[in-house]
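Quick one: this structure, given as structure tokens, is what I'll be asking you about.
Each chain gets a letter, A, B, C and D, in the order it is written, and its residues are counted from 1.
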Amino acid sequence: MLGRGVWSSLRQGLSRGLSRKVGGWASGEGRKMDIAGIYPPVTTPFTATAEVDYGKLEENLHKLGAFPFRGFVVQGSNGEFPFLTSSERLEVVSRVRQAMPKDKLLLAGSGCESTQATVEMTVSMAQVGADAAIVVTPCFYRGRMSSAALIHHYTKVADLSPIPVVLYSVPANTGLDLPVDAVVTLSQHPNIVGIKDSGGDVTRMGLIVHKTGRQDFQVLAGSAGFLLASYAVGAVGGVCALANVLGAQVCQLERLCLTGQWEDAQKLQHRLIEPNTAVTRRFGIPGLKKTMDWFGYYGGPCRAPLQELSPTDEEALRMDFTSNGWL
Amino acid sequence: MLGRGVWSSLRQGLSRGLSRKVGGWASGEGRKMDIAGIYPPVTTPFTATAEVDYGKLEENLHKLGAFPFRGFVVQGSNGEFPFLTSSERLEVVSRVRQAMPKDKLLLAGSGCESTQATVEMTVSMAQVGADAAIVVTPCFYRGRMSSAALIHHYTKVADLSPIPVVLYSVPANTGLDLPVDAVVTLSQHPNIVGIKDSGGDVTRMGLIVHKTGRQDFQVLAGSAGFLLASYAVGAVGGVCALANVLGAQVCQLERLCLTGQWEDAQKLQHRLIEPNTAVTRRFGIPGLKKTMDWFGYYGGPCRAPLQELSPTDEEALRMDFTSNGWL
Amino acid sequence: MLGRGVWSSLRQGLSRGLSRKVGGWASGEGRKMDIAGIYPPVTTPFTATAEVDYGKLEENLHKLGAFPFRGFVVQGSNGEFPFLTSSERLEVVSRVRQAMPKDKLLLAGSGCESTQATVEMTVSMAQVGADAAIVVTPCFYRGRMSSAALIHHYTKVADLSPIPVVLYSVPANTGLDLPVDAVVTLSQHPNIVGIKDSGGDVTRMGLIVHKTGRQDFQVLAGSAGFLLASYAVGAVGGVCALANVLGAQVCQLERLCLTGQWEDAQKLQHRLIEPNTAVTRRFGIPGLKKTMDWFGYYGGPCRAPLQELSPTDEEALRMDFTSNGWL
Amino acid sequence: MLGRGVWSSLRQGLSRGLSRKVGGWASGEGRKMDIAGIYPPVTTPFTATAEVDYGKLEENLHKLGAFPFRGFVVQGSNGEFPFLTSSERLEVVSRVRQAMPKDKLLLAGSGCESTQATVEMTVSMAQVGADAAIVVTPCFYRGRMSSAALIHHYTKVADLSPIPVVLYSVPANTGLDLPVDAVVTLSQHPNIVGIKDSGGDVTRMGLIVHKTGRQDFQVLAGSAGFLLASYAVGAVGGVCALANVLGAQVCQLERLCLTGQWEDAQKLQHRLIEPNTAVTRRFGIPGLKKTMDWFGYYGGPCRAPLQELSPTDEEALRMDFTSNGWL
């Protein structure tokens, strides 16, 4: 496995030489924080009585710390953040900050429905140690979430955030795609450094890279299923649920892409598609957590209303891993 | 205009003689609380600095108190509840309870994403004076919200709620239709008294009435645009954003339906469709609040990220009222 | 059962006194052909070798002739028209004309993808005996089917058609809703007499009735599932797949609506929803034809790629009829 | 520019050494026809009076013959095939056969709604010179187009076709995605050689390549917007509307991908996304034909109901080309 230094070099080539800058706004020269790399979106472990199990959270992080991830995303969609209270959200971030290696990035999901609540949560996330904030699109009033409304929302958040902001578009959960024209406008904000795009539309991702080329704006794929294709069109990394269970493999795929070994990358990518779909769209967080149990992490139960998998679903989930040689 | 007693009689005929029972579970005889009638889903007024304006809220309620509504819905989708803190949600309900006439029902929206949070909010809503809870479907993980998950969620909430529960399906906001089979199962719970259905699919509404006929289960139309048709297939009332501005007309439509004056009802219904669409799907809460300003209520601003209407939109909104003779 | 004369009177009340006029354009007084009433959309019977079975077609029509239908729709979506050659389409219409009672209307589906082909098919349909043409929206290039394009299409067809034209919107098949503004514009054409709307959105249907009130423009519900609700908002009839098997019941529902017996209408409507869904959206034409076999008509096979029902589906189909007391 | 021989070599590397075989079933060794490469989906030129303009068709082909395309697709979605009569469809294919270079492939769209009509059209297409048939999914009864129905349809067509069959999934037009499990099953048919997939979901495309790896089954991207990403996940070519106007550039993108020059490929891909969207999803065939006029081909009018672009749309179309340096 390549050492940290080599990975950094590899990433710099791909990420257009962005200098890494952690913990604040872009520096005077107009450089934005470099967020290139792979991140697992950490799950939130619960006890049998549905309390947050901080001990298990730390254990998981120690195990995940062995892989050459760029960092961790806390409270992405896989973190069950809509089920956490505000204080739980902050406590989880705080614990992750303490448990994770110092040289990695902590990207914390701070999105709320109102702009004001999002600003407050973002500021608080920074205070408990987040390096950057990932801000999901508000969505309950999706019929009114025009480009103008979303630009207003993100601009306000970015203006007031002490840490860089990453846009987050996840239509499977929100029913809303952050429009390309809004992304392009927002990319010009000095405190907005990139987007996590989970929609899987690489034409759109390529266009975003193209139209934001002058802004040091970075695109992260929101899923391992289209990671190779995302690199091919100019993404610089990925936030991949699958990295919670196949961390080495997802990092290996990154390395193959960064070093131009596209044939091997393709073969590996192919074998990751079904497992990835299984722990995301097909079986959701219950599927991801069940798989974590299989791979030596603590998955455990979800908070209600998310339900455990049925035995039939569990069997299908297992098959998606065994048929591709991962179990 | 008809007096309260006559309205009650009219409603009883339609609502299959359900006896009204406020403030607790169904009585021993198996009768559920009668929720028949028209409800405006009250908006939440904000000051110029986006604070809740409780004074304006009370003024609006006093004005709305003049109409023969059955009661008020607080924190339906039009109440901007996703933008309120938990304490604001409770304070708003508490203020409405004090400001509204004693003989009317207060239905409070208590839905949250997690089952546990929904239970807690429902209990709290009861403590501050809600007569029943309207519980929207959780939706962020809509891909996992199977009938089984939703049945589990609502059963838990209804088991633990000190007040009757009304299901709430609003696919335009949630991207999720509460499945008919789940509704039918849930209708058998003694503490689940009905559903507010905002999807506008009257075939579905008729089927729900048909399949829940033995359960004293009541269907409320979630919008004035299909109110007449809903009565025709067996609904017993409606929660109508339009009733915030055309309260007399919506109540008049109810009366015409209950007394079988279908021709007049049809004419009135026709003139309400465009205004209703304007303050709901077309221009959303900003449109509703702007119209409230025109009709002598306090509409005021929305919380961000909801934006004010553009002058062009405002003109189109006005036209939807003037062309139908309401302005 | 009421006699023909009574039915006519009933309908005239509802259909705003439109005088019936068959076989040509609206007369000088500006009156459009009256199309009020119930129509079964006739299926096309095939032999075991997938030839059109004209004999069985005539037998079905003789049996259907016993009910007080206003007429027959030939080559609606249930007629498998996309599977017929042009000459088969015309021959089927010709045979139906000969087999059906003289005093009923024959509405023939003449829609094709191109405007030119639709014009030619419409003219040919008239020549073989159609009283009016039902013209489905072209849909393969739905992304370009703006209101302007559809207005142009229908205007051309109506200009050149020797018989009145009925618009036909069926989004479940076409993925396209004929926009209300296009319907309103087209309603002013003297040779466009109405719309068959199969979308099931009664708010939309009510708005269409409202906005076309001065044009003698008539709305037909495209399905029995929302027939009562459609009458309630101003429709004058329906084209109902279910009428192929429960003809008496659908006509009875019409009568109850026209005579204002809404309570009985509601009870009957409720019992028709599941059977209707079963023979339309749930099991499609294979379900409808299987049911026809049960009810004494000839259903028979569909043309490929439509497949026979599985035994499981057939059982579910039967249950939708038995549980409502129809089998 | 590379010569034909080099192109062939390049393609063979990528397309897993499939030997080219034109004009019949796979040979005894189980090899399927090699269809790797770039194809413009030829438009159908019409005169001012909407007649097919065969002369202009031939002129366009002569000009397109200058590029290193693998061949031509006739009567894909861009060919307005739903607007052509059966005899026009065949005549167009026949003329293209005569006008095009002998060493290129002619892939003819032969899809119809019924299985029987599709079989007949496929056989006829072969008789007038098609090398392979591209068969779009039937779609009018999409609610019944299960995997089983589609497998039955395509198996029948492939069994009876004298030329190899290419599956064709284009959800923007059909509202239907050919399910992956159906594709995998069909890939085992000796006369089904690949799929043209226009949906743009590269996760799906990668999975198809992965699951059909043992079948010599070839995937063609259905649009230039995701061509690079498609190559990256294992596609062997593309059918690209944009190749009708930017033929050299699309072929250049192919070459860069095949020779592993991914950085240059990415830059070129980026500049093709907006023009590609403009001539497909955004402005459709009217946009493509207008652009052909600008680039020295004959575009001309579409058949109705397709409408000409408005001046505003035409301006936006032009901007999508000029802003990327192509005009």
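The definition used in the following text is that a contact is a pair of C-beta atoms (placed from the backbone, for glycine too) under 8 Å apart; a residue touches a chain by one contact, two chains touch by 3 or more.
In UniProt terms, the chains line up like this: A, B, C, D = 4-hydroxy-2-oxoglutarate aldolase, mitochondrial.
Everything quoted here is computed from the prediction, not taken from an experiment.
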What is the graph distance from subunit A to subunit C, where chains are linked when they touch?
2
With centres defined as the mean C-alpha position, give me the subunit A-subunit B separation in Å.
37
Geometric centre distance via CA averages, subunit D-subunit B, whole Å
51
Overlap residues in subunit B, where contacts from two or more other chains coincide
none
Set of all touching chain pairs, with the criterion as stated earlier:
A-B, A-D, B-C, C-D
Using the touch definition from the top, list the residues of subunit D that touch subunit A in their complex.
200-203, 206-207, 209-210, 213, 223, 225-226, 228-229, 232-234, 260, 262, 265-266, 269-271, 273-274, 277
Seen from subunit C, its contact residues with subunit D in the complex are 50, 77, 82-83, 85, 113-117, 138, 140-146, 148-150, 152-153, 156, 172-175, 281, 284-286, 303-307
